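Structure in structure tokens, see below.
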Amino acid sequence: MQEELIRRAKELLGDGTVVRVMGWRKGDLSFNPEPALFETEESLAEFVYDGFCGANLSKYMIKLSKLEGKTLVFLKPCDTYSFNQLVKEHRVDREKAYIIGVGCDGSLDVDAMKEKGAKGIQEITEDGDTVTVRAIYGDKTFDREDVILERCRACKGGAHMVYDELASNADEEKPARDGRFSLVEKIEVMDPKERFAFWQNELSRCIRCNACRNVCPACSCIKCVFDNDRYDTAQKANADTFEEQMFHIIRAFHVAGRCTDCGECSRVCPEHIPLHLLNRKFIKDINTFYGDYQAGADTDSRAPLTNFTTEDVEPSIVQERG
Amino acid sequence: MQRIGVFVCHCGTNIAGTVDVKRVVEAVKKEPGVVYAEDYQYMCSEAGQQKIADAVKNEHLTGIVICSCSPRMHEGTFRKAAEKAGLNPYLVEIANIREQCSWIHKDMEEGTEKAVILARAAIAKVMLNAPLQPGESRVVKRALVIGGGIAGIQTALDIADAGYEVDIVEKTPSIGGRMSQLDKTFPTLDCSSCILTPKMGEVNAHEKINIYTYSEVEKVSGFVGDFSVDIRKKARYVDMDKCTGCGLCQEKCPSRKTPNEFNRGLNTRPAIYTPFAQAVPNVPVIDTEACIKFKTGKCGVCSKVCAAGAIDYTQKDEIITREYGAIVVATGFDTINLDKFDEYYYNQSKDVITALELERLMNAAGPTGGNVVRLSNGEHPKNIVFIQCVGSRDVTCRGKSYCSKICCMYTAKQAMLLKDHYPDVDVHVFYIDVRTPGKNFDEFYRRAVEEYDVDYIKGQVGKVSEAENGRLLVQGVDLIDNRQIKMEADLVVLATAIEPNKDVRKIATMLTASIDNNNFLTEAHPKLRPVESPTAGIFLSGVCQGPKDIPETVAQAGAAAIKVVGLLAKDKLVTNPCTAQSNPLFCNGCSACEKVCPYGAISYEEQQVMDGGVRENRRVAVVNSALCQGCGACTVACPSGAMDLKGFSNRQILAEVDAICR
Amino acid sequence: MSIEAKNENKEFKPLIVAFCCNWCSYAGADLAGSSRLAYPADVKIIRVPCSCRVNPLFILRAFQKGADGVILCGCHPGDCHYSTGNYYARRRMTLLFSMLDYLGVENGRTRVEWVSAAEGVKFSQTMNEFVEKIYSLGENVRLEDLRCKKN
Amino acid sequence: MSADAKLAQQIREISGVDTRKCMKCGRCSASCPAYNEMDIRPHQFVSYVQNGNVEALMNSKSIWKCLSCFACVERCPRDVKPAKVIEAVRLSVIRQRGENFLSPDEIPALLDDETPQQLLASAYRKYRK
Amino acid sequence: MTYSYFPGCTLKNKAKDLDFYARACAKALGFQLEEIPEWQCCGAVYPLASDEIATKLSSVRALKDAKAKGQDLVTVCSACHHVIKRVNDDMANVEEIRTKVNNYMSDEEPYNGETKVLHYLEVLRDVVGFDAIKEKVVNPLKGRKIGAYYGCMLLRPSVTMQFDDPENPSIIEDFIRAIGAEPVVYPMRNECCGGYISLKDKPMAANMVDQIMDSAAWKGAQELITACPLCMYNLRNNGTKEGLPVTYFTELLAEALGIKEEVQA
């Protein structure tokens, strides 16, 4: 697959369709490829596409669409929702992107492998549904299904929402999976004290590294409200703890109705906080209260929070449903 | 460095009675930024305002806080005082320690503590206030009057006589309204159409007045001085220019079974009709639901008989968009539905009628040619019972909590006229109170009793039913004689409560004019601004604002007109400076703000932005401050905080929250 | 147990922030005042031009700074002075309240009520009810504790 | 508070009726089917309680004539519920004075073959506690 | 559809007809009445005073039983219906009464007026439908002129009872039409018959009964039907003259459905 993508990238660079390529490059370990920009055919030797290329490249297109010429970008099915959402918000220029939709069998989660006993990982190879780990303290073989990210278990399906061409592994027919809200529901049925304890346990670990904010394609403000001293919310300007304490709730609210549920926030969190469960709660509520809505499925529908009907539910529904 | 002055008003004992104003002064003096504080008997008085002016000069104040009544009361007064003293009027904040503190708390300790906190919040806010400059907007020299009854007619005439263009939009095929349905008017008993018809003619002929009948307001945008209104001119299917008003089409129309609205359904009318003989314009309309041609495609009699060739079955509704500087609502009233009052037998018997129906029966142009008869058998009634307050002063879900105001007088009028025309009838009136405030009103009512022998019974009716001889059986009570009455009657007349026209809610929503629980439009101030809506540029005329009789309606119509003239006479209006503004440095250009703006005040443009030394072209939001009304919806839609509202900025509101939660 | 029994907690003095839109609810509060319809002094009103001006952030800030309840009052749906502001406020608050509930911040501490300028009685009643509710809930779970584990 | 005022207050509490809401229109008395059997009439009950004259009501035969048919409640435009006031006075008489309009001894003589249980139950409830 | 059924004391005794016919007709019309076990008398009079708690308990017990089964509660007797419906309304809307009753009963799960209370006639109108009844009628009561006697308790106070227009009801007339007879509307059909005072004050009751009978007869009614055992007793026994015959509506329903003999047997 990887070879096919490299060959196609070289062709597009060669015939001048694009002037640069946004993709993934080998990292220092076999399981941490990183997003990278390739400007020459030679540099593409470092290009990689495997189960660890979970990173969503759409956000990079904000900056890249400001540059001269087209950029080739590889988007997995779920990444295309983010791209569309950015088009809707006028943040990326559709005309500046050449999109190759690549297929995805679910992104691998190295932490899951570690949890399942792989210690001192040296190399990981994929072969269909099997993932083999060569490690210092004993090799391991896993079913792919057991070591993919949580977000992929609730995959939105194989279809690309936007593309110029599809790679041969793209499977537009691949069905969506169920159970997207099962974890949210688990939290919902707790009593309030349990819920508070659950979130306290999670959120207290946050080290405010901003990785979630930086990776999130919806969190793409030129200047974050928390860095905006005109708002009196930025901790730096106002010596209190508001930002520190409210960051995640406000972040979730700001992306409500815009978050495509790509799951990058949770993937990059060094403290493994399930941040996407905040966003999914909003998605679930929006679907329940205002009808099903999938951010990024199109580029022209009105987002739920900039829309209304005169018959909307009253906020008291929150108390009434108990 | 901010220098804030705080002024605490006693408002006589209104505030000082429950708030220890001296302690408030001492407490606020300790607040950072406050350099001056004092209390005074009446801050809004000349002397109080002078104190503000002195302090601004002597203490070089950069902002002031007045702890007093609601800002809705005197914010304007204090802003003007500050301006006179050389301080930008928007550097004034009010802490509402009367309506929201002293008047609702009884305990001095509690009241004082809360007053201090409210003062602190205002101080925290004023520290962040910025001087604001109001902008200017244009005034379109044309007024719109919605409703063509006596209220709308009078308002339009008065505005037009002052030299301004006026359009009247009337929903029905003719102007005239309720007054055209009345027979005689109290307390002078002159004929209603005799005094109304000349006014209708005057409106029709006035070169400054343009009438859209059979038309409705469909959409309103804009703001005071500069409204844009879409008017739907419904298809009449009769060419207004060609029609001569001969009436032949109405005579020949074979579809004659539609209840006649003008006669309150007491008889029927043809499918092509003018509501009444003196209609203005005297051009009929075709009711497509009744018209055989429209229903089956066959007929066309009207077209055949029309010598002028005015019938045009292909006419379509037309949308006219016009600009106005002011809008007057004069949508009038209707009587309430009596379905929930079956004890009065109204829906069961033809001989139980509303007072408005009786007007039509008494009118020479009415369905019985002015003969008052029992509709069940055509006989003259011998015994007539009037029941007052049917649905009025009724706080249950059946009725209206208010007094309909006109019923006492029209009942006296109708009773008197009946006795006058038919000296042999007995007339009884069951009443709770007889309310006759007004010039020559009580004298009028007493004439009914003393000269015409109308029997006024203090008490009410419990039930009207059928008597064995086919008459009506009225069971009531006489509270003075302490006796239950069972009386046979031939005709029962119900003084049915009135309510605002059903369309008023829709219209008020379009105009963003506030409306009360009874669907009456709210005035800007119940005493001091009775003909203005709180929404600038919207004025109220007639019963849409509250029950009133004809003289009062005409007086209010004139008052509304002079307010409109006062507005239209201005060349420019000063606009509210508390508008939104977007900081291009923070703006993502995402369009969220534009989507929630009700005024279309936000647009986007490519701007060159210098950010951290880098020059960049960005798509950024721009607010048109002439259109922006300052609601703030955009500020919340904006994730980055680029959009903010002057006068109610994020920092200001957060400062208030912090001060209260300290 | 007495059949008259009801929970009462006299010690606790709640702090309640009420955001009121300038056109309807603030005027409704004024009417409550001029009609002398009492409600507890625990309620402090902040005037905003429209319910749609209230950023969820303001509400979170109030809770973070120690408020025990926050209520937002605006014009009735359909009656917004700015036509549509309260419809947006309604969606925003519905989602915010649901999220707070999800985080285990007891629901019932937040409320939205539509109060017209003519509803002085409703304003006063609403505030009385809300204060009573907050009394029955007692002191708030401190939102800031979400970030610091206490054991 | 005088004894009369206290009694009136008690009637207001038992009935749950705010007598101040009455606007003296008389629609209750106009509707009452037992009006002619009563010495003090439904609208007067409301007024008497408002004026603190409960004693007269307690001695009135009207309290045994009210049929609890709710015609007065149904048609009252002010939601005053005169039937509840009358019931409260009746209950006060029964509770405070132990007075019975119906004594158990006289019941057998009043019965016939068809007297439904409902009538007995209601008679007991209406006339004594 | 199965309903919780509250027959009430009179239906177990003097008004057995009303009960038997109601059950048999329900079966014929395709719904079940499941008698609430160990029901207690509703008290026959709705406790009007706001401080009466104990007298509301039997109604609440019945309501709770229906709630536990997830069934609507059906009554035939007008008085039981009146009492139970109003108590239910108190439990739903009057906090003081709800608190006191729940404290008194001290059950785990408080009752807050969740049960829907229906009169048998409402089931016929809203669930079965009069049109459906018409189709099942095998023995239409052709030519019979029947006056509906509503009385007070089904209709008033209408805010709570929500049964029909209190001043101009039509449900029983529609019922009469459904069973093939001709309804006769007369002015006194929703006036009180004086049932409550009929034990102690026969002359007053007599006067009221006479007025009703006269009114119905004048309008051409040949017989009356009612849903209330007390009205039935009073109308039948306490007038001064030979009045019209009075029957329970369920009896005529059974007759029209052709199951009357079966029930009598």
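A few comments on the model shown:
Letters A, B, C, D and E mark the chains as written, and numbering starts fresh at 1 in each.
Simple rule for what comes next: a contact is a pair of C-beta atoms (placed from the backbone, for glycine too) under 8 Å apart; a residue touches a chain by one contact, two chains touch by 3 or more.
Predicted, not measured: the structure shown is a model, and the values here were computed from it.
Counting only chains that touch, the fewest steps needed to get from chain A to chain E is 2.
Taking the mean Cα position of each chain as its centre, A sits at the greatest distance from chain B. Our note on geometry: chain A versus chain B, Cα centroid distance of 53 Å, whole angstroms.
Inter-chain centre distance (chain B to chain D, centres taken as mean C-alpha positions): 45 Å. Measuring from the averaged C-alpha position of chain B to that of chain C gives a distance of 30 Å.
Contacts with at least two other chains are made by residues 225, 233, 305-307 of chain A.
Shared interface positions of chain E, defined as residues touching 2 or more other chains, are 166-167.
Multi-chain contact residues of chain D (touching two or more other chains) are listed as 71. Listing the residues of chain D that touch chain B in their complex gives 21, 23-27, 29-32, 35-36, 41, 43, 71, 75-79. Of all residues in chain C, those touching chain A in their complex are 56-57, 60-61, 64, 77-78, 84, 87-88, 90-99, 101-108, 110-112, 141, 143-150. Chain C contributes residues 15, 17, 22-24, 26-27, 29-30, 32-34, 36-39, 41, 44-50, 52-58, 61-62, 65-67, 75, 78-85, 88, 92, 116-119, 124 to its touches with chain B in the complex.
Chain B meets chain E in the complex at residues 339-343, 347-348, 396-397, 463, 465-466, 468, 473. Contact residues of chain A toward chain B in the complex are 66, 89-91, 220-225, 228, 230-233, 254-255, 302-303, 305-307.
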